[in-house]
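What follows is a pair of complexes built around chain A, which joins chain B in one and chain C in the other.
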Partner chain A sequence: MRLGEALSKIDRRIVFAFMALVVIVPFFLPLGILGRVSRPAQQVFDAVEELDPNEGPLLMSVDFDPQSMPELYPMLTSVLRHAFARDVRVVLMGLWVTGVGLGEQALNEVAPEYDKVYGEDYVYLGWKPGFAAVVLGMGKSIPETFPTDHYGTPLESLPMMQGIRNFNQVPFAISLSAGDPGALTLWIPYVQSRFGQKLGAGMTAVSAADAYPYLQSGQLTGMLGGMKGAAEYEYLVQQAGYSTAAMPAVQAMDSQSMAHLAIILLILLGNIGFVLTRKRRQ
Partner chain B sequence: MKQTIPRLLCLVAGLVMIVQFFIPHSISETVFAESLRWVRIISAFALVLGVRSIVFHHGTKVRRKSSGWGYSVVTLVGMIVMAVVGLLGGVDPNAPKLIPTSIGTFSFHMQTLYENLMVPLGATMFATLAFYMASAAYRAFRARNKEATLLLIAAFVVMIGMVPIGSAIWPKLPDVAQWLLDVPSMAAKRGILFGVALGIIGTSLKIILGIERGWLGGGRS
Partner chain C sequence: MHVFQLLTTAQGIWIWIGALLTLFIFSFLFGDNPLYKFAEHLYVGLSVGYMIAIYYWNFFKPDLIDPLFGQGRIILLIPALLGICYFAVFIQKASWAVRIPMGFVLGWGSGVAIPAILQANIIKQIQGSLFTTQMLARWDTIVWNIIILVGVITTVVYFFFSREQKGVFKTISNIGIVYIMIGFGASFGYTVMARVSLLLGRLQFLLRDWLGVIQY
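Now for the complex of A and B:
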């Protein structure tokens, strides 16, 4: 087989093995490169930093499922750590029924680190069917839309929820979304545009590019894009001294860097093969 | 009649929702709040239909021993187990429940099942995507002409510039990648967004006015 053909027809098992190698090796031999914090990630951090613990809660929506967990779950835990470290109260909810357990998992993991008490420092509203009707309903009345929390406790009996009627009492909301329903399809058009809610977003890397027009228009206050955004937030929270917990997204960035380089290398090899075989064909 | 009543309902509901949006009056607000409650209730009924559909689809596959019927058994068993544990075992592990959700130290509470079955299964499915993406990019991404070459170069810059190793290779690379996202990519995105928004308005009007009838199922459009 000639060189051109060999380069353009690498067996897919070799490609898979090569990818597995470049993803796994950096976990054992970390490069330790973080890069710099992007402007949209810094903006989300600043917005949480500006929240007054004596005012309304930070609202977070878990709009993803376990498939997007590597990118979005570290964002959830690091924003929770940031809020809890600053004694900002948190209301958590979700628009993806398959992600309800992730919200509970994150709260069970992070709240004990800061000795936070359920009902006083944080509340989990859980999931309700209806997507647009749910967020529009919250704009009118949160207790009417969610008469009980995730565990069936009436919202009015939770001390933290006293006086929280609708988005007017929520100074900042963050949607961590992996698609539809999520930040771009529900929170921006229905919540930010209709109720003027200050909104941040955490997106998977594949959908982060779609959010840039909303960042420029100011409809999104900030954005965490993919695992890089999660790593940046973890770094900012640790730099500010709010957490000493492990940083899974920072650790995984080495693997992602190497995977990107590996894909570029494969594309280059394929194209060298393509050019060589084309010359021969001509 | 089967088409007229749904079309009439669609027309009335559509017009009412459009009109109420532009009228800041207490009656309008009440109509809006009530309609949201209706939507939430109707959405809950959709879940019932979904469960019925899954049971019928997979039940038929198991009965007929169709190809892959074993997976259907797993789906049905998984659905029944989670429903029974969730409905009778409750969401709150500390609240009183109808059935126990642990035997000794072995827990089969809904959250435990979720964290130990759903999470690793979902993560595994998505993790395999990286391998297929690498293989597909290697096979399909060819610089066949000038436009494809330009796309290829832009993709390389963004792929390296958006990960930490990019700034280690060349400190200005993240800025170049960010510019590509902020300017050319965003210009295209904005154009697409405007087009999509106008398309949504047009299609919505066609549905409300009964011109587009595809949503009725099998009707003329």
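Now for the complex of A and C:
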């Protein structure tokens, strides 16, 4: 078999095995590849950094499900760590029914690290169906949209929620979104545009490229794009001395970088094979 | 060994179940098989069951059942009846009733969505593509905004099909193609990162939580 044909007909199982090797080895031999922190990630960090603990809470929306956990869950935990370390109160909610447990899991994981008390330092509103109706309702009245929190406790009985009526009392909101409903389809048109809410976003890498126009226009204050965005935020939080917790996204960036190199190599090999085969046919 | 010690705790048994189901899903790389099908069907079934439970406890009970039967708010019968009308689609003679809630949702949805989308995706985006005093503040922002403005105009020209693309029109359109290709390239690169991230998430689970051979 000629070289061109051989390159064009590599058994897919060899490709899978090669990729597995490329992504597993860096877990045992770390390379320390992270690269520079991107400007959109720094902007999200700065926005949380500027929040005054004596003012309104940080609102975060868990708009993803377990399928996007590797990208968005590290963002959720590291932003929570950042907020709790600065004594900024947090209101967590979700617009994806299958993400309800993830929000609860993150709070149960991070809040004890900073001795935060439920109802005083953070509240979990949980999930409601209706997407646009939910966020538009929150713009009018959060207690009317969520009369109770995720655990069935009336909102008015939670000390932290006293005086929080709508988005006017929320200085910054972040949507961690894996698609629709999420930052691009819901929070920007219905919350940022309509109520002028200062908004940041954490996106899966698939939709990160679509978010850049909203950064340019100023509709998004900042953005964390995919696992790299999560790694950047973990790094910033640890560099600032807010956390000493494990950094899963940072750890995975070595494998991520090696996988990209491997894919570039495979694309080149495939194209070389294609060109050689075509020349031979001609 | 860590992996066998897990079997002595309740959480560890769940990690074992998660690890085995992950391997079942990965087995699809070598072809469709009963283990993959089992994991796939289990995932779908569990997701639906979980969603029904959350819908009941987070929505039906606090927003409909408790206020309707506990506080006597009979006004809630109206949305409840509208919701029930959706099930009329399963009864041939009464299937017309499904149009009532659908009409309501479409009307409300359009009324809410059209101005919001127009404002967020068209007006604000046009503003973002034009020169403003803020954009003219530094030399680098001026350069980037010229690049963006050229990109917006040439890309829009590429999608202008009412006139044959030749001469200057074709040149501008070709510049638009370059911008579109750069956009596709960025999307492809990000998509690769997304897919690799999902693999890495599973590998971290297998290597750390299950086998215990790596730490963060």
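We adopt the following convention: the second predicted complex is superposed on the first by the 282 of 282 C-alpha atoms of A that agree within 3 Å, B and C clash if a C-alpha of one lies under 4 Å from a C-alpha of the other, contacts with A are read in each partner's own complex, and residues count from 1 in each chain.
Keep in mind that, in the parts below, a residue touches a chain if its C-beta (ideal position, glycine included) is under 8 Å from a C-beta of that chain, and two chains touch if they have at least 3 such contacts.
Model, not experiment: these values are computed from the prediction.
Chemist: Look at A:Lys140 in the shared chain and tell me whether it touches chain B only, chain C only, both, or neither; answer first, second, both or neither.
Modeler: first
Chemist: Comparing chain B against chain C, which has contacts with more of the residues in chain A?
Modeler: Comparing touch counts on chain A for chain B and chain C gives B.
Chemist: Quick one: is A:Arg281 in contact with chain B, with chain C, with both, or with neither? Answer first, second, both or neither.
Modeler: Neither chain B nor chain C is touched by A:Arg281.
Chemist: Considering only the touch criterion stated at the top, classify A:Gln251 as touching first (chain B), second (chain C), both, or neither.
Modeler: second
Chemist: Quick one: is A:Trp127 in contact with chain B, with chain C, with both, or with neither? Answer first, second, both or neither.
Modeler: So A:Trp127 only meets chain C here.
Chemist: Which partner does A:Tyr151 contact after superposing on A: first (chain B), second (chain C), both, neither?
Modeler: After superposing on A, A:Tyr151 lies in contact with chain B but is clear of chain C.
Chemist: Applying the document's definition of touch, where does A:Gln192 land relative to chain B and chain C: first, second, both, or neither?
Modeler: second
Chemist: Taking the superposition on A as described, I'd like to know which of chain B and chain C A:Glu104 touches: first, second, both or neither.
Modeler: After superposing on A, A:Glu104 lies in contact with chain B but is clear of chain C.
Chemist: Considering only touches as defined above, state whether A:Ile33 meets chain B (first), chain C (second), both or neither.
Modeler: first
Chemist: Between chain B and chain C, whom does A:Ile10 touch in the aligned arrangement: first, second, both, or neither?
Modeler: first
Chemist: Of all the chain A residues, which ones make contact with chain B and with chain C?
Modeler: In the superposed arrangement, which is not itself an observed complex, chain A uses residues 16, 19, 23, 67-70, 98, 126, 128-129, 132, 136, 150, 152, 205, 209-210, 213, 216, 225-226, 228, 256, 259-260, 263 for both chain B and chain C.
Chemist: Residues of chain A touching chain B in their complex?
Modeler: 10, 12, 15-16, 18-20, 23, 31, 33-36, 38, 65-70, 98, 101-102, 104-105, 126, 128-134, 136-137, 140-141, 144-145, 150-152, 205, 209-210, 212-213, 216, 225-226, 228, 231, 253-254, 256-264, 266-267, 269-271, 274-275
Chemist: Using the touch rule from the top, collect the residues of chain A that touch chain C in their complex.
Modeler: On the chain A side, the touching residues are 13, 16, 19, 23-24, 27-28, 67-71, 97-98, 100, 126-129, 132, 136, 147-148, 150, 152, 188-190, 192-194, 204-206, 208-210, 213, 216-219, 225-228, 246-248, 251-252, 255-256, 259-260, 263.
Chemist: Under the stated contact criterion, what part of chain C meets chain A in this complex?
Modeler: Listed in rising order, the residues are 29-30, 47, 50-51, 54-55, 58-59, 62-63, 109, 112-113, 116-117, 119-121, 124-125, 127-129, 148, 183, 186-187, 189-194, 196-204, 207, 213-216.
Chemist: Residue numbers of chain B touching chain A in their complex, please.
Modeler: So the residues of chain B in touch with chain A come to 29, 32-33, 36-37, 39-40, 43-44, 46-47, 91-92, 95, 110-111, 114-115, 118-123, 125-127, 130-131, 133-135, 137-139, 141-144, 152, 156, 159-160, 162-168, 174, 178, 181-182, 185-186, 189-190, 193.
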